[in-house]
Structures are given as structure tokens and as C-alpha cells.
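Labels run A, B, C, D and E following the written order; every chain starts at residue 1.
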């Protein structure tokens, strides 16, 4: 589980609360109309901007993104190299019974197409289309959070404008200027906090996760086609290692030495 | 009908009105010269920026976008797979009488070209050109709303500057500072509200709808050419399913099981 | 003539003037040093940014852009289909005498190359190069207006800073704070108005006009090469109609029905 | 020499000085700590951002950019057409002695490769690589100025914050508020002036010059390869004229008429 | 070692400190809650945005980026030309023993593949994949600094809002307005300083270093494949020199004259 995201949110809120307490009580920072404008306005704008099914799916996307076990590209490469060895020794069909054990649906279905003997160009085209459209669906999720990160400060400012106008209109009593302005500013505070501690970092997180998954899929496509083309395990390994950061390549070299090549 | 957009606009306005009432009457937020500057200035800038026919067409685009029945890609794939079965059994010409029932003009005309036996490369080129230019026309609609979302806060700020200059020039009576500033700020409020509750979310909505339609057209082009190439229904289905999100693929698998393949 | 642009500018200025009069006289909004800073600074920055010949050419570009008669793509398609008929019946050389009547220099010169029997690949390359560089020259014009739309508010703010510093330095007489600040803000007002009512919308307008001309040239290139390749008028029409928005295609269908095909 | 750039800078500074004098003396706008923060901070950030050799080279790039004689594309085309005539009449080798007279090193070296009989694909690849990397080096120069145009206002604002904090801390004497704030704002003024009158317009200028040079190089590559391919002078001229704006083509047509073709 | 970066940071901080001392003591600029909000908030947002391993790796990336000895492209070209000579004289296998001396792992491994006689297309594909993914990993490092440069001012502003709200709520004692506001503004000062003196310039620095390394790798790929293709040392040199800025080419010409060609 991706615990750092929760740690980040919790510690960010905690730091702000502590800083607030060091300057006085937290009571003056709780204001229902300000919350209503910022939260309500942001969600209203988001509902206009995106179709409801996309918004509902976002919840699932976020849940998946944080609970889903990340599959290490090293493990995938090791598995693909093992497949290449099997395919070399016993033919592609020998891989058929191993496919059930693959966790990743994309890799499993792609290997299935290869084992079924589909044309390599067709496999690449099917997998590339699937990859491109997954990326587009991912970018919708990021887009929703980015839009919320843009609308939240805007509605924060709108709330502050409402508060300022109301305060300035009734300026008879100068002693009320300060508190009135304080209340007005709280809405800006809410909007900026929601954007910078929630929406924008979460959009960034989804982007990072999406990039990792895309790398993983590029790797899978390259591996599947390389195995189907009958490349030797060493070539498959060489091709796939290029996708890895140098410090991750250790994991592959060591394993290979322990297992022997073809 | 795309009801969430209207719900979003109505609820956004409602939230702002409630928040305004919680801090006093709504009367001080209604100001004719401020409206004139924000609305009038935004439209003036938009009329300079875009040719009149484009602006008039925007109304139709918006109406279409919200009232037009969305065709599910699942239904389209099911239909295309059915066409592939017919073409396999009885030849392309057998599809001729089925074409009238296709709701989507793009798909219908593309299938017509295929049935007429036009060269596949030419069909792809004609359909791609049509797709690209539809996308360009869509992006004009989004561009208009984005431009309005940029001009509205700018004219809001211009109105506030006018109000501030007038107020500051006549600073003899300090009791008028507050109300004068309140009136000046209302124009900024109008501009920010129009941009964030109307123009920018609507631009985003048009973009989302355009992406959906583009996906649909990619799917149609792929399907038409696959059918014309004589691919088996299973290959057509395989190729087209790659365009779908995994949770939508169910709708296709189940139907296929009920209907039998070729 | 593109009258909406002038209507937009005039009505935008008119609205601002009316709004100013509703809040007092217009006299306090006229300030020579403020104009000097905003207008002079913007032009100084623009002269640094762009070579003089480009700036002088902008005047001609703007004049052309607004006075030039827009050639309808529908008319061009009809003409190209007619050419295709002639070429089919009497050969390419029969088109030679018709070329003088073509208003658009790009289309005329392209057709001339085709009639002269130049190699299709060479024609495409010459016309594409010309199209790309026209687009680049267009984007220089837009770039100048965009730069002015960026510099104008910046120099407006610079003028306001100058005014504020001068006013704050001589704060002995509190009654001068208001008027001093009013004068300072006028420069920001000038900058924002010039940017949002002139420079940015005009940049947008040039972009729209450029896109229309580019569409027109894509259409011309496609049509010239299709005619030279000996395509039938129906194929030429089919290829070119894809460039049009559906509601414009009527103009072509109707004409064709009245004139008969090849 | 590109005198308009200097005129722009001088006149921009002059306008600001006149405007300042119209509102009082210039003395209050000179403040050493403010200059230190803005200029020093901007250079510190730039030194962190870019390696020293790149920064030192910028001085040379700017000097070159403004002093370098611009070679007219019209002259280059005329020269290339003349080369094509010579190559046609007397063979490529006859060009060898003419190469020394070419001012532009890129064109000279490219022609040398062609005269040496290097493979056309190799020549194109060598020249394209050189062009791409020149463009990258140009974009570093623009990037430095753009970065300075971003850091200058940021450090201006930092200086203003420092001034405001110092002024607000010692608020015992209300008569010092005004002058303190004036001094604080001067730093913002410096930052905005440096960015908008120097760094951003100079970045824009380098971009414009780079685009002109790139056009010139595209032209050179096209011409060299066309001559090597043995194209007739008329074809060479036709290909190269497409790079020019219509009003520049006159210069070529007229010359050709006076000199005769192949 | 890249000392200018440290000089930049140190001198930037030094300038700010001197400027602060010229206007009073530095004591009022040190505020623990403000630091907590800016530093803590920025790191919280960054931890949400990026996975922990990426953040930990950033430390290593920065260390490498600044301590790593930069390999001059001139040296690399000289080495590659020498390799080309050896390969020409004694065959590719003669290079095998020279490979150990290559410092750069990318070049060494690429040359190894070439010496092993791997297919050129495969070598290019492996090296390109490796290059693309290195670029992606580099861009993650830049992305982290850019994100911090975006979050720092945002949390600075959040801290100022907190300070303002607290100050305005307790406005009974007017003498506390100034100091309260001063404290509130310090948080904005921290955020802007961290962004403009650390995060943004460091992001820019990483980008520059990454571009240099990418150029170096393009050069290596081109050189390896050219040597493997059996190009003469002169052709190899000609191809690789195109990657260099003209003033760097001297280093190659002179050496060559001293060493003799093939």
C-alpha cells in the first residue's frame, strides 16, 4: 500500500494545525459558509466540467492507485526471460499453462495472443491501442484533480470577494473591519489548502503512477513480441534491461547468474 | 440528456446565493454598471477575437453537445462485429441495406464508402481528414469558451479599477470609502464567477465530449477498414475491444456468448 | 469586410465609457504620463523584441486580414470539381486558360505547376514548404500582438508602481493619498484595457484567420494533386468534402445535382 | 547593425525617466539595497541555473546577434540558382573555386560536402544534425534570458517583502509608513523593469533571429541537395522561392529576367 | 565539480542577508512557525506527489549531478575517431581490449554490443530505449524540484493567510497590526526565497545537465553505429562534428592534424 501519500496528507494537515495553534486557537479557522463556497463551488464546477460516470470512476481509480500492489518491472523482466527460455526449449504453446499465473491482465492477454499465434503486427497494434487508451483514461483522472486544483483557489477567492463586499458595505463600525476581513480571508485559505495539499499533489501522484504503468506496458509489449519472434533469452534480457534504471539492473543480473541461461 | 451540467450550474449558483444570504442580503451584489462592464466587455472582446458565424454556431454546438444522445461505444462495437459476421457470410454488398439504420452519420458514410468498394487507403484518408477537421471545429468551440473564461476576469478587474479610481478621486468623505470599494469589487466578483462557474467548466465539458467522439471515430475507422479487409468477427472484436476501458468490455463478451460467433 | 471586429472594438470602448460616466466624469481617466508609460513602454519593448520590417509588415497584415475578401471553401471545392471534369474530358492542358481567373495566388500557382506537368511529389513539396512558411509568417503577426498583450499590462503595472512610490514618498498631506492612488491605478487600467480589448483579441483573430487560410490551402493541395492524378470528379469531390463542416456540404451537393457529374 | 533594439531599450528607459520626472525627482527611484537584491538575486539564480560557460557564451551570442550582418535569403537563393547554372554547364567540380566566396559557414561547408561527392543522404543527415544542435544552442540563449525575466520580478517581490517586514515591524512612527512602503515597492519596480524592458524582449529577439537563421539553413539544405541532384536552375529556383514571403520573391524574378535561365 | 551552483546559492543568500542588515537586524526574519509551514508544507505536498523511492533517489541524482566529472564531447569524439581507425586497420574485435578504459557506461556497453556483432538495428533500438528512459528518469528529478518550486510559494501564501486571519481577528490593539502583518509576510518571503533561490534554479540546472548528457548519448549512438558500419575515420569525424558548437570543433581539427588520418 502506498502509505507515503497518506503520511503526506496527514503530516501536512498536522503541520498547519500546529502552526495555527502556535498563533491562537483553531476556532477562528472554522467557518461554515466559507467551506460551503469552496467545497460546494469546486464540486459544482467539476460536475459541469466532467460527466458523472467519469467522476464516480475517479473514486475507484484513486482506490486502485493506492491499494493496488505495484508489480516490479524487475520481476516482470525475470518472468519474461523465463518465458523466453521455455519458448525456446518447448515452443510457444508450452507457455499456455503458465499464463494463468500472470497477475497483470495486460501482459496475460498479450501473451495469450502471442501463444494463439496471432500476427505480430496485429498484436502490437492491439496492445498499442489498448496502451494509448489506458493512458487517455489515466489522463482523465489527472485532469479531474488538476481542474479541482484550479477551481478550488478560484472559489476561495470568490468567497473572499463576497466577504469583503459584505464587510465593506457595512463599514459604520470600524471595530468590525478586522474580524470581517479575517472571515473573508478564510475562504481563500480553504481554497489554497485544498488545492496544494490535496488536489494538485494527487494529480501529480496519479501522473507518476500512470508513467510507471506505461513503462511497464512498453516493457510487456517489447517482451511479448521478442519472445514470439523467437529471440534468445539473452537478447530478450538485453532488450528489456534497457528499460530499467541502472541500479535496478542488478536484480536481473544476479538472478540470471543463479539460474543459468539457455 | 446531459443533466449533470445543468445540475452543476444551478447548484453552484445556489451555493453562492445561500452563502451570500448567510452574510446579508443579495441586493448589494446586484449592480448594473458592473454587469455591463463584465458581460459587455467579455462579449466585445470575444466578437473581436472570433468571426460572427463561429460565435453563432457555438450556440448550436452547445445545444447539440448537451441534447445529443451519446452513442455507447459498446453498442457500436457490437454493431460492427455483427456487420463483420454478415460480410463474412454474405459479402460486403449484403451490408448495403443495413446502413440506413446507423444513427451516426460518420460511421454510416464510412461504411457506405466501404460497401461501394472504394480503395481502403482512400477511405482511411477521407475519414482521417474528416476526423481531423471535426476535431479542429470542436477545438474552436472550446477555444471560444476558454477565451471568454480569460476575458471575463480581465474585464472584472478593469471594472474594479474604474470603481477604485472614481472612489479614490472623491475621498473627501471617508464614510464612502467602504461602499465605494464594495461596488468596485463586485465587478471582479462577476468576472470570476462567470469564468469559473460557466465558461471554463463548459470549455472543459466540450473537450471531454470531443474526446469521447474522437474515440468513437477512431473505433469506427478501425472497424470499417477491418470489416472491408475481410477480418473474421473475432479479430474485429479483438481489435475494437482494445479501445474500451476494461469494465466496459463485459458488455461485449456477454453479448457475443449469447449470439455465437462465425 | 470583417465588420464584427470593428463593432467589437467600438462597442467595448463604448461600454467602458458609459460605465465610467455612470460613476462620474471621464476626465479623471485621462492622464498623459500614464498613457506615455503604457503606450510608449509597450512599443519600446515590442521594438526590442521584433525587427522593424516585421513590425511594419504587421500593419499590412492587419489591413489585409480585415479587408481581404474571404474565399469560401465551398466555392473553391466547386471550382476544383469543375476543373476535374474539364481535365477528364479535355486533358490537363485544357485547364491552362482557366487559371487566370483564379483569385487565390496559391491555388493558381499550384494549378500552373500541375498543368506544366511537374512531378506530383515535387508539387506537394513546393506547396507544403510554401504553406509551412506562410503559417510561420502568420504566427509572427500573432506573436507580435501576443507580446504586446503581455507587455501592456506589465508597463501598466510599472506605471502604477511609479505613481505609488511618488505618492507614498510625499505622504505629509493625507488628503492627497486618494487622488495620488487614483492616478497611479489609471496606468494599470490603460495596460489592462489595451491588452484585453485590442492586442489579445486581435492576436486571436489573426490566429482564426490563419487557421481558415491553412484549411483552404490543405484543400487546394489535395485538390490539385487529385486532379493531376486523374481522379474522377466524384472522387475529387469526396476527398475535398471531408474538409468541410457538415452544414457547408449542402452547398456542394446541391450544385452538383444541378450541374451533372462527368 | 540591428539598431532598433538599442533604440527600443534607450527609448523605453527614456520614457520611464520622463514619466518619473513629471511626477517628481528621480532621486527617490534610486536605492542601492533594492538594486543589490534585484540584480544580485537574479544573477545568483541564473548562475545556479546555468553552467558558467553557457553564461559567458551568452555575451558573445548577444554581440553576434546584434552585430552580425544578416544575409538576405534572396541573395542566397540568387547565389544558389547561379551555382545550379554553373553545375549544369560545367559540372559540380566547377563550383569548387566559388566556395571560398560564400560568407555563411554552414552553406559553404555544405556545398563543400556536395562538391566532394559525399552521399546525398549523408549530407542531409550531417546538415540536419548541425541545424538541430544549432537550434538547441540558440534555445539555451533564449532560455537564459527567459529565466532572468522570470527571476528578476521574483527577486523584486522578495525585496519588497523584506522592505515591508522591516517597515511593519517598526510601526511606532506612522509618518514613516509611506516612505518605507515607497522604498519597498522600488524593488518590485526594478524587477519588473528589468524583465519587461530587457530580459523578455531580448529573449524574444533571439528567438526571432534564430527562426530567421533556421529558415536560412532549411533553404541552404534544400538548395545544396537540389544542385547536387542535378536539378535545372528553374527547378532549384521554384523549390527555393517557396521559402520566401511573396513580397520578397520579386527580388528573384527580376534578377532572373535580367540574367537569363539555363 | 560544478562549483558555480554552490557559488550561486551562497552569494544569493549572502546578498539577501546583506540587504536585510542594511535595513535592520536579521532577527525579525527568523520565525519558527513560518518555517514550519513553508518547509513542512512543501515537503508534505511533495511526499504526496512523488513516491518515496523517487524522492530518496533525488538526493543521489543531485549529488551525482554536481560531483560527476563532465566528459567533454570533444574527448568522446576524439576517442571514437581513434576507435574508427583501429576498427579499419585491425577489425572490430581489436577494439575489445580498449573498451575497459571507457569511463562512460553507456558508451562502453554500446561499443561492447557492436564488438559482439549484434545487429545494428537492434543496437540502435536498445540504446534508444535506454536513452529515452534515462531522459524520463532525469525529468522526474526536474519534476520534483519544479513541484517544490510551485508548492513552496503556495505554502508561503497559506502561512501568510493564517497570520493575517489571526492578526485581524484580534484587532483590538492597533499597535499590533504592523508586527502581526510583518510576521505573516515572512512566510511568503520564505516560500518565494526557497522557490527562486533553490528549487527552480536547481530544476533548471538538472535540465541543462540532462540536455548535455542526451547530446552526449546521441553522439555515442551515432558514433558506435558509424564505426560498426565500417565508416572511414574521416566520415565518422564529419558525422560527429555536426553535434558540436563551432568553437568546440577546433579541439578536433587540431588533434587530427597532429595524429594523421586513416
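Structural remarks
The criterion applied here is as follows: a residue touches a chain if its C-beta (ideal position, glycine included) is under 8 Å from a C-beta of that chain, and two chains touch if they have at least 3 such contacts.
For clarity, every value in this text was computed on a predicted model and none was experimentally measured.
Shared contact partners of chain C and chain D, listed by label: none present.
Centres computed as Cα averages put chain B at a distance of 40 Å from chain D.
Between the Cα centres of chain B and chain C there is a gap of 25 Å. Of all residues in chain C, none touches two or more other chains. If the chains shown are joined wherever they touch, the resulting network closes on itself as one ring, and no chain has more or fewer than two partners.
Around the closed ring of chain contacts, the path that opens at chain A and continues to chain E reads A, E, D, C, B.
Those residues of chain E lying in contact with chain D across their complex are 2, 4-5, 7-9, 11-12, 15-16, 18-20, 22-24, 28-29, 175, 177-179, 181-182, 185-186, 188-189, 192-193, 195-197, 200-202, 204-205, 208, 211, 215, 222, 235, 238-239, 242-246. By the touch criterion given at the top, residues 32-33, 36-37, 40-41, 44-52, 54, 105, 113, 122, 125-127, 129-130, 133, 136-137, 140, 147, 150-151, 154-155, 157-159, 161-172 of chain D touch chain E in their complex.
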